[in-house]
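I'd like to ask you about the structure that follows.
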Amino acid sequence: MTKGRLEAFSDGVLAIIITIMVLELKVPEGDDWQSLQPLIPKFLAYIFSFLYIGIYWNNHHHLFQAAKKINGGVLWANLHLLFWLSLMPFATEWIGETHFAKNPVTVYGFGLIMCAIAYTIMENLILKNENENSRLKNAIHSKFKEYISIAFYILGIAASFFYPYVAIGLYYVVAVIWLIPDKRIEKSLKED
Amino acid sequence: MTKGRLEAFSDGVLAIIITIMVLELKVPEGDDWQSLQPLIPKFLAYIFSFLYIGIYWNNHHHLFQAAKKINGGVLWANLHLLFWLSLMPFATEWIGETHFAKNPVTVYGFGLIMCAIAYTIMENLILKNENENSRLKNAIHSKFKEYISIAFYILGIAASFFYPYVAIGLYYVVAVIWLIPDKRIEKSLKED
Amino acid sequence: MTKGRLEAFSDGVLAIIITIMVLELKVPEGDDWQSLQPLIPKFLAYIFSFLYIGIYWNNHHHLFQAAKKINGGVLWANLHLLFWLSLMPFATEWIGETHFAKNPVTVYGFGLIMCAIAYTIMENLILKNENENSRLKNAIHSKFKEYISIAFYILGIAASFFYPYVAIGLYYVVAVIWLIPDKRIEKSLKED
Amino acid sequence: MTKGRLEAFSDGVLAIIITIMVLELKVPEGDDWQSLQPLIPKFLAYIFSFLYIGIYWNNHHHLFQAAKKINGGVLWANLHLLFWLSLMPFATEWIGETHFAKNPVTVYGFGLIMCAIAYTIMENLILKNENENSRLKNAIHSKFKEYISIAFYILGIAASFFYPYVAIGLYYVVAVIWLIPDKRIEKSLKED
């Protein structure tokens, strides 16, 4: 099964998710600088989510580039990932609108952890299809990044009940961990 | 005629349909949990339609992967299918907003049956273009799934006049029937 | 210069244009059948514009499939076409909202004629790049369809000042003329 | 690393950016010509931004067509560019809504200069990956256009504090400079 259309469809959905978030930055009534002030938390939330979607696109890109073959299960695992990612604009707007209030930050963290779980499921399904000598399999055998991320999300969600900004900080740490595209895969691709 | 652009355009339209439905999940005013409550029926409707669009994308993907050639008729049959699918966000919002009221559920079912008919027309046109020994032709010669689906939709629409939740249940059964991507095609592709 | 990205970008823009028009079909407050009634003119306008965008996509598809090479001028001519097409959702909503009032129908016709002119400019630029024995050049040497369409649009715009429904009828005639994808090109491609 | 998906994702984001700007052209209440009048500044702002996004797409297209290889850094530099471009609909709406008031025009110019800087960073990263005899490297060794543009943007932003229309004029000059796709690259591609 060719992976071209899965990539094209995912690119389309991710491009739309990343762009509709900007629709939440409603233009102010006036033309003075003060009128931009209420937009600041929304803008910060936008930057944060843009970064996250960018990371997912980047890693998705690396993963499927290295994948040799996909099957029906991977198609559905990918749709499952896109489902959780599609809720990011909602969560982003809620944290922006409420100035990073507790409950919205909890919901945002829940969204992030579900995306991470969905991504890990998809990765596992792809790895299962690879044969024994697969470079991809050797490249991401450790899964350290996946597990540490989920641990940080759990910590973040717990923190969100008391200190939402600490939660945002923890979510941000995960972003930094993933910011550098999967060197493991990049290296293995070069060896080809 | 190459099928690449037909697939790319359909991917674009389906990606947008699946993503704009999430715009209906309007962010609540407050930041408490109660303020999320009115969103529950809308969220359920979103999940349901996401699943349906996902199924159509998946089967569309399988069908065109197996198709050897397409012609002008198939282009229009595909646009006809996309037209009915493009009405899904409207129907989804209506059932969500009215908490699955009778008339909206009837309209939703009507939309689903029109999509199913449009898909069947397109499938038939593709099959007509295939030559005698086409694996695709052998793979989907029975059309059992297509006919049983339309039967269930008719039952569902009838039920929607009295018990909308029964109708939703019947629509859901069809989703489950199609959830597993067309094994018939997948198998035949492997034999190539 | 490869035409792949021009096609992909145009597919993206056309897919979005065709889909955002459906956002104008605002879900009614109630759940009774009467509440759908005000949507009827909007829905008719949507069908009409969907058909038009579909026709443009279809002919765009045929034209670029046959084109051997493109240059910087064609890129800009294509963006020019996309600009006028991008105004279709605005014109569509206006005719729907005002129940096909005179001025909106005039504006709609003006949009259609600008699209037709932009398409013709692009076609000419592509033909200029083709060499002498180009099948594409032979296939669309007559340009009869292009000129008759523009004539009908002018008639339609004139009619819109008095009888907007006659104008819509004339615009519809052009749609029917183009509904059948460019047989001239399709035939010439088969001869290859 | 293949550049296909980077191009497809960028095409998707740019297609959406260019198209959602048209959503700001809200349909007027009435059907008379006067009701269109308040839309004129918004429409002019739309044309202006459409032109700018078109220029970026065009140059992006040329640059990546000529690029031999890309790496993780280029992926992020491209996302950085898309981030600033994604703010264009916001700035466009603000200048349109306020009839090109001072502060909005300053913000618009700031957005343009950030796009230009992001583009230059990306271009530099791509050039760094090219080998010594790269035609692309020879083609854009001067960077004159890049530097003159940034100079004009700085002038424009300074002017926006006093005469916003002069600022718009200066931004427009940059657009004209770039309107002609990068002849340097086009020429070098032909020599291949």
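To keep things simple, chains are lettered A, B, C and D as they appear, and every chain counts its residues starting from 1.
FYI, a residue touches a chain if its C-beta (ideal position, glycine included) is under 8 Å from a C-beta of that chain, and two chains touch if they have at least 3 such contacts.
Here the structure is a predicted model, which means the values were calculated and not measured.
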Subunit B against subunit A, contact positions shared by both copies (same if over half, else different): different
Turning angle required so that subunit C lies on subunit D, C-alpha fit (0 to 180°, nearest 5): 90
Whole-Å separation of chain centres (CA-atom averages), subunit A against subunit B: 26
Whole-Å gap between the CA centroids of subunit A and subunit C: 37
Shared interface positions of subunit A, touching two or more other chains: 8, 12, 15-16, 20, 23
For the subunit B and subunit C complex, residues of the former touching the latter: 1-2, 5-6, 8-9, 12-13, 15-17, 20, 71-72, 75-76, 79, 82-83, 86-87, 89-90, 93-94, 97-98, 101-104, 107
In the complex with subunit D, residue positions of subunit A that touch it: 7-8, 11-12, 14-16, 18-20, 22-23, 25, 27-28, 30-33, 36, 47, 50, 54, 57-58, 61, 65, 179-181, 186, 189
